[in-house]
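Several structures are given next for inspection.
Next come two complexes built around subunit A: one with subunit B, the other with subunit C.
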Partner chain A sequence: MTRISAIPGLPPLIAAAALLALWELAAHTFDISGLPPAHVALREVPVILSDPEALLNILASIRRMLIGFALALSFAIPVGLMMGRARLVAAFFNPLLMIIYPVPKAALMPIIMLWLGVGDASKTLVIFLGVSLPVIYHSYQGARAVEEKMLWSAAAMGMNARARLLRVVFPAALPEIMVGIRTGLVLALITMVTSEMIARKQGVGDILFNALAMAQYETVYATIVIIGLLGFAIDVGFEWLRPRLVGWADPVHEIAVVGST
Partner chain B sequence: MISIERLSKTFETARGTSHLALSDISLDVAEGEFVSILGPSGCGKSTLLYIVGGFVNPTSGAVRVKGAAVTGPGPDRGPVFQEFALFPWKTVLGNVMYGLLEQGAPKKIAEDRARALIEMVHLKGYENFYPKELSGGMKQRVAIARTLAYGPSILLMDEPFGALDAHTRTGMQHELLEIWERDRKTVLFVTHSVEEAVFLSDRVVVLTRSPGRIKQIIDIDLARPRRRAALLVDRRYQEYVVEIEKLMDEQVVIPPPKGEGAERSEAGGVSS
Partner chain C sequence: MTAARRTGEIAIGILPIALVIALWHGIAMSGIAPAVLLPPPAAVFARLIEQAGNPQFLEHVGVTLFRLFAGFSIALVVGVTLGVAATGSKLIESLIKPLVRVLAPLPKVALYPAMVLILGFDDASKIALVVADAVFPILLATWQGTSAVDTKLVWSARAAGCPPRRALFTVVLMAALPSVLTGCRIGLIISCIVVFLAEMITSTDGLGYLLVRAGRNFQTVDMFVPLISISILGLTLNAGFNALRRWLLRGFAEEG
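What follows is the complex of A and B.
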């Protein structure tokens, strides 16, 4: 007989089913309006997803997240790599990062709103900040750990410093950068929702808090489920991409995802 | 071919003191010559090689290659490191082709040459493997092929077989000699194994313990091509090994913790 845990994909399904059963049971036991039964909340999921306005809100959220995420990568990876290879650059950015890293990005939202208003710019900036820091940190660590002899080998082949950074340091640091990106993706999702919580104009966070204000608890729970599914989809996409990008590397020690929001 | 002139190297240590690693090294290496640099660990023999490679700057003195002063790394001097230093994101073929493509060779030509070299180092069939899938000996074969690919006239080998087990090591020594016999590149070979140095070299340069100075240069007058099995019972080979072992033995003097260790370790060895 095959052990149940040996079937791929089955254990998480069992865990999800158990969680739903527990939810259902708790809802019936306590019977309060703030905790609707699972089946009632889940029924709301397709309702939200087929509502054009809600869908537009969700897509606007995803769009902001993608833009903030892409901007963060194109900024954070070069900065991190240069920090790792040039002591001067590291000396300049390191104290700055040490101050900004532990500050919850959502706490910066009110100030940013004063500058940029409640629109896309503020929210994208917060997402950008949230994603940038772990990606800078891991790019920095990755670039620092690049074997000197590898760079010397490249130099003997005639590669100049710029070419080495681009075509030796970057690929050599990529497995570590991917660890930062993984953390960054989680933070992107978190900052996306929290920024919309604070600057209530549109988006998934807005749907959630509107529903809460109007005591539509099924919608609240259904929205949380949708956010969870979105996070799950991002993770599946990332795990699909990872072996294609860094399958050549020995597995990097997985660092626990720490949310600083 | 290589002319090392009054080379010295001082490192600044983390404690703020300065450490003299190499002192007044002068050495000429002829074209096609196989020269080993032998010395106890920490004598600066690798540093000497890095300076010739242009990876490290000397504190004083100069290195000339074919009359031109060395100011940085260049494709005329190909390094092979103990750590292999392969590009892990490239396959065996990708690694061996890399330098050629970097030198502007067309892809087709680079690939043909790379495949021939991979065959020469007995790795045919492994072209599409990644470095992490290879054993230490195989990795070093790839590293040697990668360096040979872009055609350096000088090979700088930094304890290339130091990370390999004894059996693989002797096999690799034979292979290296076979490769070397074909086109007789100039080789500067750093090692701490006396037998390895005698087996491979035309000349063995023995350095003193820190700071590294040239203690003695021994010509190895053994016929080529050399076979290990034959040499092991060769009286002259044995004498070379014993002679150099003695030179190395005399240096077992623990250097003072810091500052001027120069005079002390010099006095420890019998001047030649």
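What follows is the complex of A and C.
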């Protein structure tokens, strides 16, 4: 490895700068109104962030995302762990999950909107659904891989089933659960944007698609940059947290299922 | 696993699905929710079967499938090539690594307006979104799989006179096939989801458009039909892919 890549955070920074340069270059080469140069769009970013109404919208989006995400974790991790330890539970949930998986959660939005309205409830529910699936899946995989001997020792020391799940299976499965949580974080952000785009009331997605409809292209690109920064910040925060929680484990496998809704 | 146990587990698996449908039917029948909001399942499935013979509906399905496969194929070629290249060359790795770090956590749907502005409202922007979303799992899985391949395999191939670039594709890629296929499966499901979303946002055809159109006209029955269709589509693709995977990996030791 070269010296440059030894400085943490520098290579991604260079990559981001290179992408911006590429964007600037492409804008000047093609010269279409749909692709404003990078510096014009970036000038819009502080304008949006200093507008109190827009800021309120963005914060409302983040709040919904966090609530949906927290609810999903508190539901999905126990379900996944139980699926991993009890064959019956796994057999019960697996086919249902297989059916739900390919359905875009945000596509449920129009139907959920009919029931719960266009407010916070339906958007939070969609985020909850989107985050739950990968977290359930990875908790399941993690719990399944727990060594039987550890459970036997715990049982021999007099732990009951619930304590075993909480004190043995959960920590042992944590590295794998973290993989699911990482996927869930990305999904939370994606579902947040798409749900707001379908139920146009407030939020980042609303700003983005309103700007598109009104042909304010600089705002469109500036909002994309803001959402991108949000995604990157979440990713960096997660990478900071992970070694502190599961530093004892080798990084499992890095195939974060990035994307999908 | 014995056959009896397997059938038992399948029966348990069908139970929750049957329960959901029964609950749905019960709520719709009880009148708590008006039929405009929640049509009975029988009506939805009848409509689905009716639509399955409707050439217009099938045309929409065809459009969706075309975009899905076009996007997935491009993502497959790009993802596998870059993944193998990143393992094969330190230079390419140092170029791709930071780019992936920046681009992977970015929600691609947010890029969709930009794609629409640059590529227009037609197929191109939707296929571009599918590519953007499906390429990363395939790329990461290929990269990881190929870099975990035993170097001795490459040495043997080189000793037998295989040029390095060819060894990369005929030895390393083949040895990493299980991991690559896992990435492809994730990519395929993601393509399924994303193509539907793109069609919901801006479209005049495809399954996603059917959902939005039905939603605008408050035809709840017609809203459920595209949703169930995309679920069936995803299940079919997944099953087909698993069969293909089993056939491709017939020489590998069974895993998981």
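We take it that the second predicted complex is superposed on the first by the 253 of 261 C-alpha atoms of A that agree within 3 Å, B and C clash if a C-alpha of one lies under 4 Å from a C-alpha of the other, contacts with A are read in each partner's own complex, and residues count from 1 in each chain.
By definition in this document, contacts are C-beta pairs under 8 Å (C-beta built on N, C-alpha and C of every residue); 3 or more make two chains touch, one makes a residue touch a chain.
As the structure is a prediction and not an experimental result, all values here were calculated from the model.
Trainee: Once the shared chain is lined up, is A:M197 touching subunit B (first), subunit C (second), both, or neither of them?
Mentor: Once the two structures are laid over each other on A, A:M197 reaches subunit C alone.
Trainee: Could you look at A:W152 and tell me whether it touches subunit B, subunit C, both or neither (first, second, both, neither)?
Mentor: first
Trainee: Touching A:P102, do we find subunit B (first), subunit C (second), both, or neither?
Mentor: In the superposition, A:P102 contacts subunit C only.
Trainee: Look at A:F209 in the shared chain and tell me whether it touches subunit B only, subunit C only, both, or neither; answer first, second, both or neither.
Mentor: Touch partner of A:F209: subunit C, not subunit B.
Trainee: Return first, second, both or neither, reflecting whether A:L88 touches subunit B, subunit C, both chains, or no partner chain.
Mentor: Second partner only.
Trainee: Quick check on the superposed pair: does A:P171 touch subunit B, subunit C, both, or neither? Answer first, second, both or neither.
Mentor: first
Trainee: Once the structures are superposed on A, label A:V186 by its partner contacts, choosing first (subunit B), second (subunit C), both or neither.
Mentor: second
Trainee: Residues of subunit A touched by subunit B versus by subunit C: which partner has the larger set?
Mentor: Per-residue touch count on subunit A favours C.
Trainee: How about subunit A: which of its residues touch subunit B in the complex?
Mentor: Answer in residue numbers: 147, 149-150, 152-153, 155-159, 168, 171-172, 174, 246, 248-250.
Trainee: Quick one: which bits of subunit C touch subunit A in the complex? Just the residue numbers, please.
Mentor: Touching subunit A from subunit C are residues 8-10, 12-17, 20, 33, 37-38, 94, 97-99, 101-111, 113-114, 116-118, 133-134, 136-137, 140-141, 144, 179, 182-183, 186, 189-190, 192-194, 196-197, 200-201, 208, 211-212, 215, 220, 223-224, 226-227, 230-231, 233-235, 237-238.
Trainee: Could you please specify the touching residues of subunit A with respect to subunit C in the complex?
Mentor: My answer: residues 2, 5, 11-16, 18-19, 32, 34-35, 87-88, 91-96, 98-104, 106-108, 110-111, 114-115, 186, 189-190, 193-194, 197-198, 208-209, 211-212, 217, 220-221, 223-224, 227-228, 231-232, 234-235, 253-261.
Trainee: Mind pulling up the subunit B residues that touch subunit A in the complex?
Mentor: Interface residues on the subunit B side: 50, 53-55, 72-75, 77-79, 81, 83, 85-90, 98-99, 102-103, 130-132, 146-147, 150, 152.
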